[in-house]
Amino acid sequence: MRRIRVGVLGATGTVGQRFVQMLDGHPWFELAVVTGSERTAGRCYGEAVTWHLGGDVPEYARGLTLSPTEPGVDCEVVFSALPSESASEAEPAFAAAGYRVFSNASSHRMDPDVPLVVPYVNPEHLAAVEEQRKRRGWPGFILTNPNCSSIPFAMALKPLHERFGVRRASVVTMQAISGAGYPGVPSYDIMGNVVPYIPGEEEKVESEPLKLLGEWRGSGFELADIGLSAQCHRVPVREGHLLAVSMELAREVAREQILAAWGEWRPRVLGLGLPSAAERPLVYRDRPDRPQPAKDVWESGGMGEVLGRLRPCPLLGWKFNALGHNTVLGAAGCSILNAELYFATTEGR
Amino acid sequence: MRRIRVGVLGATGTVGQRFVQMLDGHPWFELAVVTGSERTAGRCYGEAVTWHLGGDVPEYARGLTLSPTEPGVDCEVVFSALPSESASEAEPAFAAAGYRVFSNASSHRMDPDVPLVVPYVNPEHLAAVEEQRKRRGWPGFILTNPNCSSIPFAMALKPLHERFGVRRASVVTMQAISGAGYPGVPSYDIMGNVVPYIPGEEEKVESEPLKLLGEWRGSGFELADIGLSAQCHRVPVREGHLLAVSMELAREVAREQILAAWGEWRPRVLGLGLPSAAERPLVYRDRPDRPQPAKDVWESGGMGEVLGRLRPCPLLGWKFNALGHNTVLGAAGCSILNAELYFATTEGR
Amino acid sequence: MRRIRVGVLGATGTVGQRFVQMLDGHPWFELAVVTGSERTAGRCYGEAVTWHLGGDVPEYARGLTLSPTEPGVDCEVVFSALPSESASEAEPAFAAAGYRVFSNASSHRMDPDVPLVVPYVNPEHLAAVEEQRKRRGWPGFILTNPNCSSIPFAMALKPLHERFGVRRASVVTMQAISGAGYPGVPSYDIMGNVVPYIPGEEEKVESEPLKLLGEWRGSGFELADIGLSAQCHRVPVREGHLLAVSMELAREVAREQILAAWGEWRPRVLGLGLPSAAERPLVYRDRPDRPQPAKDVWESGGMGEVLGRLRPCPLLGWKFNALGHNTVLGAAGCSILNAELYFATTEGR
Amino acid sequence: MRRIRVGVLGATGTVGQRFVQMLDGHPWFELAVVTGSERTAGRCYGEAVTWHLGGDVPEYARGLTLSPTEPGVDCEVVFSALPSESASEAEPAFAAAGYRVFSNASSHRMDPDVPLVVPYVNPEHLAAVEEQRKRRGWPGFILTNPNCSSIPFAMALKPLHERFGVRRASVVTMQAISGAGYPGVPSYDIMGNVVPYIPGEEEKVESEPLKLLGEWRGSGFELADIGLSAQCHRVPVREGHLLAVSMELAREVAREQILAAWGEWRPRVLGLGLPSAAERPLVYRDRPDRPQPAKDVWESGGMGEVLGRLRPCPLLGWKFNALGHNTVLGAAGCSILNAELYFATTEGR
């Protein structure tokens, strides 16, 4: 099997660092390219990066030279960890130059011919890539993953929507600071505090899950017909977004049926042998006070979601909590899993 | 005007300490009695107490001798900061012995003849005291204040319920650790973490506001006809419970009307000259990211509630955030305000 | 008595905000001028500032118009909350234009004719102002206060140096995030963490106390002959720098003598009726686990220092802990106290 | 090679849980026994334990039945995670019954015939076991590991003491909350705070390193002749004790010599193939702001120590920071490494 040469766009930022960390020792992908700003281009990655994750810059990546974020780099695949301002122009340029772009940026997520994919949830949306290439005349393509709160929200609803239908769902998020990148949230704003506002977040969480849970109709996406409402908060937690969800199902079900729908959920993507896939993407932790970020965020190496506290809601029917790692499952990990899905199903290796 | 001699039951606990702190220099009440457990009774307050609030034990209270928590103490009024297990027996004993008991404990809050009062919200419920005395044959009485999350929840709804009617309201709380008393939440459970469970809390927050917003019918309380749902979380914040509320009003209103209802709300109790009353119990802070515990919890010395982020909710109509100090407005302060209300309106001074 | 018109240079930053907050209702000083960057000049303070301290922008200051940070503003006194880069040029310009400049910036602290003063410690250094004026030909002057860690370090040593002589002192600081200004320390760097490095801090803490504890010799300062060593750390605390000190005294003394030196210390400045002076600048809190930032930082409204845990040190003789509020006593408060000292002793009012 | 059956005394506490977690999949040791209090004895471990570490109770240990903490259990080795009160009696009883006791408790650390060992530092002290057995007539023995702050303190000094001699060393610790066990430190005491006191800690940190760096003389331990002073603080960090050290060496050396002593340190125990040994027990991280608990605590899986910031100290000569994981290297991990050392060198497998 051939090794696939990949690059990380915006490799010095926090999401970029997570990509570099997660690609260390990856069985299919070989990190060959890291790109940075004009300021850092030409410098050695190990020296240019201020490493924010644990320990030190991974040995294997230290010697890579930072390229400018422009097509011409020597790889087939690029993972985009760019801020959305730069992503909106750079990603199409890379796709037009033939690169397969797997993007964590929000810029193109809701474009009508760009798939927004969580492999556990809607792998069939990959098909939109062909339409995108045709329409845009691109040899490459852009495939995106959702926002770090949309992912666990949509994943928790997916098995229920399949079995029972979800009519309405309200989510209050308590999101970790790492979601804001670096320098991100000033400590004086968040230590011992909660901030009830994250710019642009509620809009994403109220729209992206509808695309994820919707269908690709060959020429466009049909959004799921679910009413969503989101209230997003920043909390003094380093990693892990906690969600408090209440929802109305399309029909009356017993608590055991919901637990069964989650417990028996085996998305078909699990059979593909994707290296980064969790064995069980959804775990219901049956303890009175879980999930908790500090204790559950590393479930399945950060690629699994933990659910808990399912109980009746006097208003909508059911309520529960959900937790996902915001920079692994919720960002770099999902993007890498998307690339794995693509090569396992579409292009082969 | 005479000074009223008061006591604090359970004065060494954290709520008890807050009572002692807030009664320092009170213009009407003179702290004459502090009670403790059998272990501490007979000891000097300044030595027996492990002071958890800022600074040191207030000078004026240091020399008081701790009495056992039994009737016989020399005062007219007792504030009960007892844990609910001991409150359920001790408070009736004090009331039967003629004391006016203002209680922060949950034991008797929902009793059919015990008023549950936030002076800003339902001062007229005080009338139930007479019925209680009659029924139970007590020279004294028990008057309670609600749970620390129920108070800001009900206060925020009150002016809207009066003007428009509230049909349904869902609240997700993010509650400070001080609400759990001392030693309370182990640091290993909460630092850098969120715990989605507080024993017994959701039941209180779903029921107490209905009594607060309901009516005293001479022989019993008629609960408000509002559908409530609560999800309660503990967050790593020292003081201040933050609420994320979404609600359905009984009729369509514009955003300005809701803001006006809050902004123009002048509960009639404000005219009584109660020393602990905030001038404006509800403040809408018109900034994109407020209220925040670290910045807004001391509004009106902790006796005011701060609102913010009113915006449409796709599911229920409206959503917003609210914040109240959990041990001042949400506990000791509300109890003291209840006592002030009582003496200003019922017994005179 | 006349009111003295004062201005705050750099009024939108965090130290600037603390000045504005502390000058609210000041009996001698009337805040007439606030200055900002070119970007904010001309705007209304209440709108231009992003208020980081509790609550909202003080009512009295909202309507002030931000001036550019240049001489010409209508006041006698300016408090400088400028970052050191801009202070190094702006402050001499203001002094040359006749303003009395009380500065919290580090730029000129160690200049040979600029007094570095904590009124409790070395009020007599004020005399250097005359020499400074003469040498520089300025109608105004610059008078500085020390770094936020130097202040409590020097204050704790002062009464001991007077009575016994201090030979050597080693300090390990655990400093609050507010000391870094805003946005200051990124939350991802400090939450649940300690950072053993603050740029430039150790140099200040090892040198400034020598000037404070030294003497003004008419033409220059004679530094105190004490060996100092500092290790500075940032900790996840909002306000209050905690110091772990060990020291060698010039002669053998008993523990009680040290406690007496602290307890009996009544700096002569206390007799001057300065509005911001603590009644007791040094408080020894005789509990096994104090001082603590969360509990002791507001001692005397933040203008007092709390000491504790005096015990023998096997290496140097004695060790203890000390705590001071870093933006009140350690910054704006000290600067205001310096101005009060100046007008009470030198110019009169 | 045979598998060695081991037990964990006090397996439900936090250190006990860390033992259970670290023994999961251990190549030499097979966890066969877990003991608890009388209250939990007889219950299934998976149900009786409230798991505080990440995720859930390790699968392999869930079905074990808790035994009472008394000899008679079926294993050769016991790891003691007992609190010192119970350890002082239970451990001798186990040793007298023939068990090899590897203890993390402080009760017997300073006993004259009990080795106190960190394999990287003083493996030769193991020899004291024979003397202990002889003196006490025990078929088994007690071998202890030091306090969680003593370990990184002594490890950092060891290579310097060997090469240059250490005369005096002063340490200020900033210790994580997990060091206090569970429930341990109440959150209200430590969140956003620093507590300058840990009962009994300074005594341990000033004495244990002297035994570690001393010598076993056949009939007793000769303590190292180093002057030590410790000031211990609790900080709001979950895992990792940070040390600020200043020290006086016996002779003048250059900075490079100290770095070389650390960098070239290869304790001979590394050649023994112990499964839990770090490849490099001491890592000097040459960045201006390291080590930091949040970033460096998992060095070598928590079995390595990270050093940084070596610089001259005006008082003692040199100062630096050090960091060690307090429940891995500083507790359970050191104890397991001790057992590995014992079987690799003394008894064979």
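For the reader, a short list of remarks on this structure follows.
Each chain carries a letter (A, B, C and D) given by its place in the written order, and its residues are counted from 1.
Operating definition for what follows: contacts are C-beta pairs under 8 Å (C-beta built on N, C-alpha and C of every residue); 3 or more make two chains touch, one makes a residue touch a chain.
The structure presented is a predicted model; accordingly, all values stated were derived computationally and were not measured.
Rotation angle relating chain A to chain D: 180°, from a CA superposition, given to the nearest 5.
Judged by contacting C-beta pairs, the busier of the interfaces A-C and B-C is A-C.
The equivalent interface to B-D, defined as the listed pair sharing over half of its contact pairs by residue number with it, is A-C out of A-C, C-D or A-D. Work out the mean CA point of chain B and of chain C, and you get 40 Å between them. Computed centre separation for the pair chain A/chain B is 42 angstrom, with centres defined by C-alpha atoms.
With centres set at the average Cα position, the gap from chain A to chain C is 47 Å.
Across the assembly, chain A contributes residues 52, 191-192, 236, 238, 294-295 that each touch 2 or more other chains.
Taken as a contact graph, with one node per protein chain and an edge wherever two chains touch, the assembly is complete, since every chain touches every other chain.
Per the touch definition, chain B reaches chain A in the complex via residues 168, 170, 172, 174, 191-197, 206, 227-229, 231, 233, 235-238, 242, 244, 246, 288-295, 308-309, 313-316, 319, 321.
Within the complex formed with chain D, the chain A residues making contact are 52-56, 191-192, 238, 285, 294-299. Those residues of chain A that touch chain C in the complex are listed here as 14, 52, 177-178, 182-192, 236, 238.
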